[in-house]
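Two complexes, one shared chain (subunit A), two partners (subunit B, subunit C).
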Partner chain A sequence: MLFCYVALLPIVALFLYVRIIPIGFSFLLSFYKWNLISPRRPFVGFDNYLGLLDDENFILALKNTTIYSFSTVLLSTAIALPLAVFLSRKSRLSAFYQTVYFLPVITPMVPVSIAWKWIYDYNYGILNYGFSLVGLPSVPWLTDPDIALWALVVMGVWKVLGYNMVLFLVGIRNIPLEYMEAASLDGASDWQRFWRITLPLLRPILLYVLVTSTIAAYNVFTQVYVMTLGSQSAPGQAVRMLVFDIYTNGFQFFRMGYASAEAVILTLIVLGLTVVQFSLVREDKVKEG
Partner chain B sequence: MSNTTIGRRGALQLAAGAGAAAMAGGPAAAADVTLAVWTGYPELEPWYKAIGEAYTKAKGTKVTVFSTSLREHEQKLAAAVPTGTGPDVFDVGQILGITFIEAGLVKPNPASVDGLLKSGAYRKSSVEQFTTEGKTYGLPMLFSTPAMFWNKTMFKEAGLAGPPNTFQEKMAFAKKLTKFDASGKMIRSGMSLRLSGQGSGIAEKFRFILEPAGGTLIVPNGKGKFHQGYDNDAGRNALKYYVDAVQVEKVDDPKVQHDSAAFVAANTAMLMREAWVIGEIKKQNPTLDYGVAPMPAWGSGPHKTLLQHNGLWVNAKSKNIDAAYDFMVFLSSKEASVALTQMSGWVAARSDVDWSPLLKEIPQYKEFVAPAEGMQFYPEPVMAAWNEIETRLADRLPGAYADPAMQDPAKLAAFIKTAAAQTDQILKQNDLYGT
Partner chain C sequence: MARKRSLGRRIGLVACHVVLMTGGLLMVLPMLWMLVTAFKSAAEIAIWPPVFLPKEWSFENFSGAFETAPFARFFLNSVLIAVVSTVSVIVTSLVAGTVFGKYQFPGRGLLFGMVLATAIVPFEAYMIPLYIQLVDIEWVNTYQGIILPYLFMAFGIFLMRQHVSSAIPTELMEAGRVDGAGEWWIMARVIAPLSGNALSAVGIFAFIQGWGIFIWPLLVANDQMLFNMELGLTAFQFRFSADTGKLMAGSVVSVVPMLIVFILLRRRIIENMALTGLKG
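And now, the complex of A and B:
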């Protein structure tokens, strides 16, 4: 046992060094005013946090990120689950479709974002080209402030769908066949088997999917950065997200303390949502008990 | 670089002359020294390498060059210079430069560099920009001013004899130059404005009209403090100009192609941009028939254009500080300056350079290297908060340009008032506010 703990020490030390200490330092930094370059770092107490309360950009970023996260998580889960149920059936094409849906997950975000920027292009994008073939007018997917955020949601769902689907698929395949057979013998319909057996037994997987998807969605950055870069891109405010705002404050305005305060708030939000999601499952366990 | 008018060899030959001149008076650099140079302009990398090779030939000091995009470059410098892991020489705009100066990470120039800066080799405005509290820091490298590109073929087609002289004329001309397809979709803009995206560039382009109209983003109070200078007729007129261009006159549209890409592809008739666009045209559409005119005036007002400097700086923590200053001077020679413009399209900051060979080959450079008589320059204020001031305004502008409510003068005025209040707020947060 002691050997195991000793063997784990290097990893724990590395984790502390690259994760815990920077997080702690960010928390500490949120009480200071620092521009990264200057040796002067005055203590400002809660000023950075108070500043966030009437910072229009922060509030807008919080609103946009929440809309993006809830939409992406709900849509990707709602689509991935039936897809997984469908693909869990024995079929020759199942593996092919799984691969197709999983491809976006393993594709790096920057090229994917650039590709979507082209797909959404008003003049030359394939999406508007498709619209033109059926007589529909072109849509300014990125440049219209009312549409741009939803364009990002669509891309976000596309990117994460395969990951969620594979997790659900693994969960479904781990459900003992006997349960399904017994239910069939009792005359349960497809829907009843899904609702009464598959979904309750998938609850731990569902929780994992919800938690990891929410964390990932709240940390959205790369696609926002790419999609707002250049003159032919989304208006910055329409798709302003929290991590983008943190990046702007930290690395464009060099307001490291302020950016750290934002990062702390983001951590607390994600932590809060995770606790809520966990408590929902715990409540279920109590009911089961 | 196949697209440049001067090859690597040519640059080496030019710089060799500078090397000989520099050797005569400059401090001797150790042969075993290697200088690290970082640039935020990847298009300048071939130039740095060529001049670096010439320097190695002349002095024995080796030079390594590392380039990244400007934003990444600024972030890398901000992290590396204070921790002593930065380059010996780097280029960066004045806004970040002043932060390094305030932090003591760039020291006042030694006498030889100070002498060069004040020798008459640079414009007065350049010397002023590189002087802080009576001491000079770094050397100006790029002298960047926008001018107006206009497509001669399109003007001819529209029966227009030449470029507009005022912004009002520009709007009228643009109306004649804009093209729509049968469905009413704009297929060519009359003028390309900056209408979307994010970042300080949007506010910077807003200033192209605001300043000639008589406004400015911030006004100094003469005691080292500032306050907003656009909650006035000029600010409202500048915004109205944009709103009219998009919503009323319909000479530009956020949905069509913009910026240099649009001008190079002949998808817009007019564009206000810096000299580097010439290089883009040469590379991508060399047959494009175009001219470059001074920035238009606002009515009977003066012609005004933005002046941005990008400087060369020596890291105070450099272990080879003497060699670094020596190389900075070498990079700033007349010959290296000509090579810089010829190889990259950017205009070098030295004003005592003979540009006639360049102008003979590419006359469109005239407005950039020898601006029109009477042209007034408005420089970027040298303050760390400037980027935030511009970026915060830029956050708001694209929404306003496309918002139909902005056609109501009261709502437009309210928008300007709110934006200007935010500018004052940023100044207050940075202890820079004063009336």
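And now, the complex of A and C:
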């Protein structure tokens, strides 16, 4: 028993210091006004939260992040699911496709964002070249505030597609073959089998993928940072996202309490999504039981 | 009738492959475009219509990038961060996973619950207080400060706990004890060798994560000598944003180690990601 405590002590201490304490501290700090340097740290109650309600940047960031997250997740799921269904059939090329589609998942975000920024370039970008080949006019993908957010969505879908696809693929392969065979014998078409067997049995994984990738998408930061940096960039407002706003308030304006209030909101959003997932999965279990 | 249907099916199959191939091409295109741009001369980058392959493959952008900014240093920093983080994550996951998975002691549920409950909270939500803590102990702008949050991984602890409690027979540990082995010895000589797959899964995750960290170094590393590749690239982009060739060369250097890891271990990585993702 002593062994257990001795073994865990350094890990638990580290865990407390880099996770539990900061999480608690973050809630506490959100009720104070502090610029990181000043010895004065006045308690301001809910002022930071009330301030957020009137803060155009924050509202915009919340709106943009929500649009970004839901669009990225829905699009990537809508594409990944049929891909997974197709790849679940025995095919010699299946492993090859998996490798190719999975590649973006493991590549680091900064270089990939730099590459996409170059693809989206108004003057020399390969995307506008592709458009010119089919007779379409050049589009200012990043510099037009109405389009920039969608340019980020496209890149986000590209990055996460393979991951979702592989998860769905494992889920589909876990569906007992007998179900499919029985359905085929009864004369069910491919479509019927998909809607009546594959999709219902895939529901837990579908839920898992939807919720976890929404949570991940809410933390979007690196792409935004890279795409708004330097020349030919996206205008900051058009792609302002929650974490970027936290970063700006905290580390450019040194409004630590205010930025912490934003961070608390982010935490609550993530917790809310998690609760939704848990309750939906539990609902499934109750129905089955 | 039957023949007609099978012909229709075959056409459908070919159509599917055409769609998948086109999609696959789109998946690798950004990386390919980055690669070929890195080998083009400045004049060739700024021509319209663009040409895909460089007329002459030139390493000028690479040498230029490494001369303009200390990319060699950035690269070594990335290696250091990723390796230290990976080793530490493997060790802490093994130890905590074993203890949580195979031992009974007061506080076990509470401690494990704590790991479980906070795993979902995104790092970005508590980076500010963590930064303030590091200011207090004067670890801002140090290697240890950059690496600190990546020394363990809640997810690695779950995975190892799951693995140890289900796949390692308790009798094996008992046999070791009868022979007079200590608990540390059992962990190192009985459990670790039987956990190769799970530990390598954890290690691969940690390495990919450690290589790509960005927002935390952005906060705590002010001295250029501490930048990792990711941070170095954005700093370079900020100062020389018009120098596309060098920027792409730097990006290629940052991507290549991950590509090598992926090509060597692709099947294992994809399987691990899938299985562990589902368990989580």
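Here is the rule we use: the second predicted complex is superposed on the first by the 261 of 289 C-alpha atoms of A that agree within 3 Å, B and C clash if a C-alpha of one lies under 4 Å from a C-alpha of the other, contacts with A are read in each partner's own complex, and residues count from 1 in each chain.
Note that in this section a residue touches a chain if its C-beta (ideal position, glycine included) is under 8 Å from a C-beta of that chain, and two chains touch if they have at least 3 such contacts.
What you are looking at is a predicted structure, and each value in this text was computed from that prediction instead of being measured.
Within the superposed three-chain model, A:71 lies out of touch with both subunit B and subunit C [touch as defined at top].
Within the superposed three-chain model, A:88 lies out of touch with both subunit B and subunit C [touch as defined at top]. Legend: residue contacts after superposition of the two complexes on their common chain; A:123 is shown touching both subunit B and subunit C.
By the touch criterion stated above, A:243 is placed in contact with subunit C alone, subunit B being left untouched. With both structures placed on the common chain, the touch criterion links A:143 to subunit B but leaves subunit C unconnected. Looking at the shared chain after the overlay, A:229 reaches both subunit B and subunit C. When the two complexes are overlaid on their common chain A, residue A:23 makes contact with subunit C while staying clear of subunit B. By the touch criterion defined above, A:36 reaches both subunit B and subunit C. Ranked by how many residues of subunit A each touches, subunit B and subunit C are led by C. When the shared chain is aligned, subunit B and subunit C each come close enough to touch A:251.
In the superposition on chain A, the residues of subunit A contacting both subunit B and subunit C are 36, 123, 229-233, 251. Interface residues of subunit A facing subunit B in the complex, by the touch rule stated above, are 35-39, 57, 122-123, 137-138, 140, 142-145, 228-238, 240, 248, 251-255. Contact residues of subunit B toward subunit A in the complex are 71, 74-75, 78-79, 81-82, 99-100, 102-105, 183, 185, 194-199, 254-259, 261, 384-385, 387-388, 391-392, 394-396, 398-399, 402.
On the subunit A side of its complex with subunit C, the touching residues are 1, 3-5, 7-8, 11-12, 14-15, 17-23, 25-26, 29, 36, 83, 86, 93, 95, 97-112, 114-116, 118-119, 123-124, 126, 129, 132, 158, 161-163, 166-167, 169-171, 205, 208, 212, 215, 218-219, 221-222, 225-226, 229-233, 243, 246-247, 250-251, 256, 259-260, 263-264, 266-267, 270-271, 274. Every residue of subunit C that touches subunit A in the complex is listed here, in rising order: 16-17, 20, 23-24, 26-31, 33-34, 37, 45-50, 92, 95-96, 98-99, 103, 105, 108, 111, 114-115, 118, 120-133, 135, 148-149, 151-152, 154, 183-184, 208, 211-212, 214-215, 218-219, 229-231, 233-234, 237-238, 241-242, 244, 247-248, 250-252, 254-255, 258-259, 261-262, 266-267, 269-270, 273-275, 277-278, 280.
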